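Look at the two complexes coming up: subunit A is in both, with subunit B in one and subunit C in the other.
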Partner chain A sequence: MKAIAARRHHRLAPVALLLLALLVTGGLYAALAPSAASASAPSEDDIAAGRALFQANCATCHGPSAEGREGAPSLIGVGAAAVDFQVSTGRMPMQMDGVQAQAKPPQFDAEETSQLAAYVASLGAGPAIPSAEQVDPALGDAANGGALFRTNCAMCHGAIGKGGALSEGKYAPNLGPSTPTQIYEAMQTGPQSMPVFNDANLTPEEKRDIIAFLGEQDAGSPGGTDLGAIGPVGEGIWVWVVGMGLLVACAVWIGAKSS
Partner chain B sequence: MSTRATTGQRAASGTADYLDQRTGIGTAVKGFARKIFPDHWSFLLGEIALYSFIVLILTGVFLTMFFVPSMTLVVYEGPFAAMNGVEMSEAFASTLDLSFEVTGGLLMRQIHHWAALLFMAAIVTHMMRVFFTGAFRKPREINWVVGFVLMILGLAAGFTGYSLPDDVLSGNGLRITDGVVKSIPVVGSYMSYFIFGGEFPGEHIIPRLFTMHILLIPGLILALIGLHLFLVVLHKHTHFPGPGRTQRNVVGFPLFPVYVAKAGGFFFIVFGVLALMAGTMTINPVWNYGPYDPSPVAAGAQPDWYMLFLEGGLRLMPGATEFVIAGYTLSLNVLIPAVVIPGLLFTALAAYPFIEAFATGDKREHHLLDRPRNAPVRTATGVAILTAFFILLLAGANDLIATHFAMSLNDITYIFRVLFFVAPVVAFWATKRLCLGLQRKDRELVLHGHETGRIVRFANGEYIEVHKPLDEYERWIRVQHEARRPLEILPAHDERGVRRKGYHRDALRARVSRFFYEDRVEPVTPAELAAAHSHGEHDALEGHPSSGGVPAEIASGPSVDARDR
Partner chain C sequence: MSNEQSSTDLTVSGAGTSPAAFQDPGMPPHQERMADKDPAAAKRAERQTVVLFAVSVLGTIGMLVAYFLFPSGDTVESMRTSNLLLGLGLFLSMFGIGAAAVHWAKTLMSDHEQAEARHPQKSDPETREAALAALEAGAKDSGIGRRGLLKGAVVSAVALAPLTFAVPLVGQVGGDWNVSNFRHTLWERGRRLVRDPSGDPIRAADVTIGSAYHVIPDGLREGEHASHWIEEKAKAVVLMVRMDPRDLTEAEDRRDWSYEGIVAYSKICTHVGCPVALYERQTHHLLCPCHQSTFDMADGAKVVFGPAKRPLPQLPITVDDEGYLVAQSDFTEPIGPSYWERLK
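Up next is the complex of A and B:
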C-alpha cells in the first residue's frame, strides 16, 4: 500500500486510473447487458413492459390502447416490423410535427424497442421482424437486386439509394446509414410516403437481393471520390470550382505582369 | 560538345532549307514567330477550350478502340459483381469492360468526360470575356459567330457522347429529346421516327450518335477551330487600353519564344489538371445507373451542366399549357422551354454584335477592348442573360436544392418561376447602376486624385484633405475611352415639308441607341481636367515641401493637389 501511496503523484497515475475505470465499466456492462438472443421470443413480461413504455411515450398521440387519433394512425395490426423500423431509426417518438417524421438517434435501446414491438404485435397480427438470415446480404444476388432496385426504388431513392426529393418538402431518405433489417422492414411496412412492397410484390428472396445490392454500395466508387453520388450536377459544380478554378489561377500566373 | 552542336545545327538548317525551298515555309514561320500576343490572363481562356479539345481527341481515339456502338443485347459476365448476369446492350457492356478490364480505361473515360465538361466551361467563360470587353466589334463579328457555332457544336458533341454508353441516365436524356422533337407541331412525330429509325428507342440511335460523335461533329469543330484561329491571326489580337496601346498596334510579347513557351506549357497544365480530376474524382459512374431500359427513371436524373438549363426550363414550365386541338396535341409545356426559350436566348447571343452595331451606327474597326464599366448597357445585358441562364440551371437542380437545404420542392419551383422573369430585370438594372457608379468613381479619381488621409489646416481655419494626383498611366486608362451618345437623327420632314425617306428606320435606330446610351457618364475631357486643377486659393498649398512627389507635378503643369470643396 505504501508503494502505491508513494506513486500516486506519478504523472502516469491519472492515465492508469482512467484505464482501470474503463476496464471495470466495460466488464460490468458485458456481464449485465441484455444479450440480443434473449429478445427473440416475447414473453408476457415483455408485453407488459412494452405496454408500460407505450403508455408513457406513445399513448399521447396514438391513444391509450393504440387505437389511433386524428393525425396519428391506429397501430392495431401494423406488426412488430413497423414498430421496430420506426423506433430503431428514431422516427418514433416523433421529434417534431412536420411533413415527414425525421430519423434521429433512437430514443429506446434494443430491449425497450423489442418490448414495444411485442406489445404492438400482441394487439393484432402484422408483419414480424425479419430473421437474420432473411436480411443477410451475403445470401442475396446483388445484380438481380440492382435490377429490382432500378425498377422499384430508384425513382424516389436515386440510382444507388442516396435519396431524393418528393413533393411539398417530403423526401426519400439516403439508404446508406440503414441496416439490412431496417431496409427489409421498410419494404414490408411502407413507412410514411413509401408504398408497401408485400411478399407477392417482392418475394423475401428479392428483398434480400435488394439488400445485397445496397450492401455493394458500401465498397465506394471505383472511379475515386464519389462526389456525393448526386450525379451530373455535382460533377458540373466541381468542374467549375476545381477545373476552371485551378486553370484560371494558372492563367493569371502565366499572364501576370499585364498592365 | 561543339562538334555535336555543329552537326545538330547543320542538320536543322539543312532540313529547314530543304523545306523552305520546296514549300516557302520560311516566310510563314518568320511571320508567325514575330506575331505579337498581348499579355492578359483572360486571353488564355480560349486556350483552355482548345487544349481541352486536344485532350478530348487524344482520349477519344483511345476510347474508340474499345467501345462497341451497338444495341445488340448481351449478358454481362465480368468483374463487376452488381452487373453479373444482367442483360444489356453491347454499348453498355463495352463501357463496363472499358472501365473495369482495359488497363487505364477508366482513367481515360474519366479524363474524356471531365475534359468535355471543361471544354464547355472554358468556351462559356471565353465567350463571356469576349462579350464583356466588346471584342466582338468590327472586324470580329464573323469570328464571334464562328465561336458561337463552335459552342453549339460543343453542346452537340457533349450530348451525343453522353448518350453513347446506353445507361439509364443518358437514356432518360434521349427520351426527353424524343419528347422535345415530338412537341414540334406537325412534323414532330415524323422527325422522331426519322431520328430513332422507328419508335423510341429502336436499335439505331447508338450507332447513329456514334458516327455523329466521332466523325461529323469533331470534324466540324476542328475545321471551325482552324477558321477561328485563322481569323484571330488575320485580325491580330485585341488588347486592353493602356498607355501606348492604340487601335493600330498590338502591345505584347512575340509568339516565339515567349508565347510558345507560355502557351505550350499551359497545354500541359490543362492536361495535368484534367488528369488530376479524373484520377481522383468519379465522373458519370454508368455502373450505378445500370443498362438502359425505358421503364425506370431514377430520382436526381439530370444532364451534364451545359444541358441543365434545358432541364430547368422543362421543370419550371407549368403542365397546364398542353392543348388538344381537333384531336392533335400541342405541347406548349415542352415546346416553349425546350425549343422557343433556348432559341431566343441563342439567337440573341449570336446576333448581339449586329444589334449593337446597329444601335451605335459605328462602322469603324475596334482593336482596343472596352472596360466593361464603360459599356453599361452591354454589360448589363450580358449579366441579365447569364442570370436567366443561372436561374434555369438552379431550376434544373431543384430536387437537389430541396433535399440538401430541407426545402419544399414545390415552393422552390414557384419561386424560380417568378425569378426567371424578375431576376434578369433586377440584374440588368443593378449592373447598369454599378457600371455608371464605377464610371463616376473614375471621373472623380481623375479630377481629384487619390485620397491621402493627410489633413491640412489653413490659416483661416479651413481644413482640407490633400489629394495625390493620378500619374499619367493611371489617368490614361480612365480617360481614353470615347464618349458614346445616343444617335441624333434628321427630322421626319425636310425643310420644304416633304417626308424624308428612311425616317422610320432612323427612328427605330434612335430608339435602340437611346436605350443603349441615354444614361451615361462621359470621360473627363482635358478642359474639365484643367478646370478642376485651377482652384486659385489652394495653389499656395501645392508648393508645400512635405507633399511627396507633388512639386514635380506642379512644375510640369496644372497640378491635382487639392480637391474641390
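Up next is the complex of A and C:
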C-alpha cells in the first residue's frame, strides 16, 4: 500500500487510474446490465411479471388469456419475436384504432418487453427472438441481400427500403429507423399487412443478407440528397418545380428591361 | 417599312368602334437607365459584374481544389462529398459567367432600341417567273415528256432506292412476329414451383399461412430456352400465397387448382403488364403499383379496384410424390394485358 502511495505522483499514475476506472465500469456494466433480449430460457418470474403486464396493458383487446377478440388476434403461438417486434417498435399497445397500427416511442423498456415476450411465448410455441449473431449485418452478404430484397420486399418497401404506399391508407414503413432485430422479426412473423417469410422462404442466412443490404443504405445516397428515395415521382417534382422554376426565373430576368 | 400588307390584314370589317386600320404604334418612349444617368450607378453595375465574374473564377478554382483534395473514394460519404463539391464548383463557374454577361449587357452596354421590319418571304414576280421558265426549259431539254421509258426508269429507281434503308429498319423492329408466344409459358404438368431467384423447390408443408412466395418455374435457365430465359421468366413469374382455406372462395371448376389454401397467380397485371406483387396479408388484396389495380387473392384474383379488366390468370397447382409443389398445367389463358389476337 505504501509503495502505491509513494508513486501517486508518478507521471503514469493518471493513466493507470483511468484504466482501472474503465475496467471497473465495464465489469460492473457487464455484470449488472440486462442481457439483450435474454433469449436464454426465461425464468418463471419473468413469465409471471409478463402476465401481470399483459393483464394490465393488453388483455382489454386480446382477452385475459390472449385468446383474441373481435379486431384483435389471438396471441397464442405468435411467439416471442412477434411480441418483441410489436412492443419494441411501439406499435403495441395500439394508440388508436385505424387501418394500420403506427410505430411510436415504445411504451415498455427492454426488460418489460422481454417479460411480455416470455409470457406470450409460454402460451404456445412460436418464432423466438433472433440471436445477435443471426442479425449481425457484418456477417451478411449485402449483394445477395439486395437481390432477395428486390424480389421479395422492394415492391412495397421501395428499392432501398424507404417505404411506400399500399391501398386504403395503409403503407409499408420506412426501414431506416428499424433495428436489425426488428427487421428479422418482421420477416419471421409478418406483422399486419406484411406476408410471412419463414425460414423455408428466406433462410436465416438470407434474412441476414437482407439486413446487411439495408445496413448499407444507412450510408445514404452517393449523389447527394436522395429526395426521400420514393422514386421518379419525387425526382420529377424536384426537376419540374425547382429546375424549371430556375430556368423560367432566368428567362424573365434576361428579358426584363433594366431600370 | 413595308407594313402595307400587315395593316390591311388587320382590318376588321363590320365592327363599328374599331378603326379601319391599326397604325404602327412605334417604339415606347425611351427610358434612361440609372447607369446612364448616374456615373455612380454605372460604377456600381460594373463592380457587380466584376463580382459575378469573380464568383465564376472562385467556382473554377474551388472545383479544381475539390477535384484534387476530395477524390471520390470507396465510401459513399466520399462519393457524396466529391459529387457535391464538383457540382457546386461547376455550377458557380458556369453560372457566374452567364449571369455576369447578362448583367453587363443589361446595365452597361448601349441602350438604344432597334427595330427591324418584317419583309414578305415571297419573291418578286420577275424572279418567280424566271425560276418557272428555267424549270420548264430544263424539263423540255431532258425530253421527259417524249421519252416514256426514261420516265418510267427514273420513277422506278427513285421509288425503289429508299428500300435500301427501310427494309433493314423494319427488320430491326424484331424478327419474331409469332404472337402465340404470349399464349404459352414454361409451366407444364409436373414442373416444380421454385423460389425466385435461388431456384430452390418449395415443399407445401413449409408454406405457412400468411406466406407469400415469389415463384419461377424449375429449370428456367436450362434446355432450349436457356438463351432467352429472361423472356420466359417475364412471362412465367407467379406469386404464391397461403391463406386459411376457410377464407378462400373458389369457382366450381377451379376447386382442385389450389392446394390446402395455397393459391398461385400470374404476377403480370392484366392491365398493362406491370409486375403485381404488393400483397396485403390481412385483406388478401394484391395491389399493382403502376395504376392501383387491386385483385382479391381470396376470390379468384378478381378485380376489386382500378383499371384492370380481367382477373389474374391462375396457375393450377398440386404436390408431387415428395411433397413439393408442382404445376398441373400451363396457364389456361394468355397472361398479361390484352392484345388483338388474344382470344383468336
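The working rule: the second predicted complex is superposed on the first by the 216 of 259 C-alpha atoms of A that agree within 3 Å, B and C clash if a C-alpha of one lies under 4 Å from a C-alpha of the other, contacts with A are read in each partner's own complex, and residues count from 1 in each chain.
Note that a contact is a pair of C-beta atoms (placed from the backbone, for glycine too) under 8 Å apart; a residue touches a chain by one contact, two chains touch by 3 or more.
In this text the structure is predicted, and so the values were computed from the model without any measurement.
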| item | value |
| --- | --- |
| Greater residue coverage of subunit A in the superposed arrangement, subunit B or subunit C | B |
| First, second, both or neither for A:156, with subunit B first and subunit C second | both |
| First, second, both or neither for A:194, with subunit B first and subunit C second | second |
| First, second, both or neither for A:63, with subunit B first and subunit C second | neither |
| First (subunit B), second (subunit C), both or neither touched by A:166 | both |
| Touching partner for A:142 - first (subunit B), second (subunit C), both, neither | first |
| Shared subunit A contacts, counted only where both subunit B and subunit C touch the same residue | 147, 151, 155-156, 164, 166-167, 172, 221-224, 254, 257-259 |
| Subunit A to subunit B touching residues, read off their complex | 99, 142-147, 150-151, 154-160, 162-169, 171-172, 213, 216, 221-227, 229-233, 235-240, 242-244, 246-248, 250-252, 254-259 |
| Subunit A residues within the subunit C interface of the complex | 147-148, 151-152, 155-156, 164, 166-167, 170, 172, 190, 192-198, 200-201, 206, 219-224, 253-254, 257-259 |
| Residues of subunit B defined as touching subunit A within the complex | 38-45, 48, 81-86, 99-100, 106, 110, 113-114, 117-118, 121-122, 125, 168-169, 240, 242-243, 262, 265-266, 269-270, 273-274, 277-285, 287-290, 293, 295-306, 308, 396-400, 402-403, 406-411, 473 |
| List of subunit C residues in touch with subunit A within their complex | 31, 33-35, 72, 75-77, 79-80, 83-84, 87, 102, 106-107, 111, 195-198, 202-203, 206-214, 241, 275, 277-283, 285, 287, 289, 292, 294, 305 |
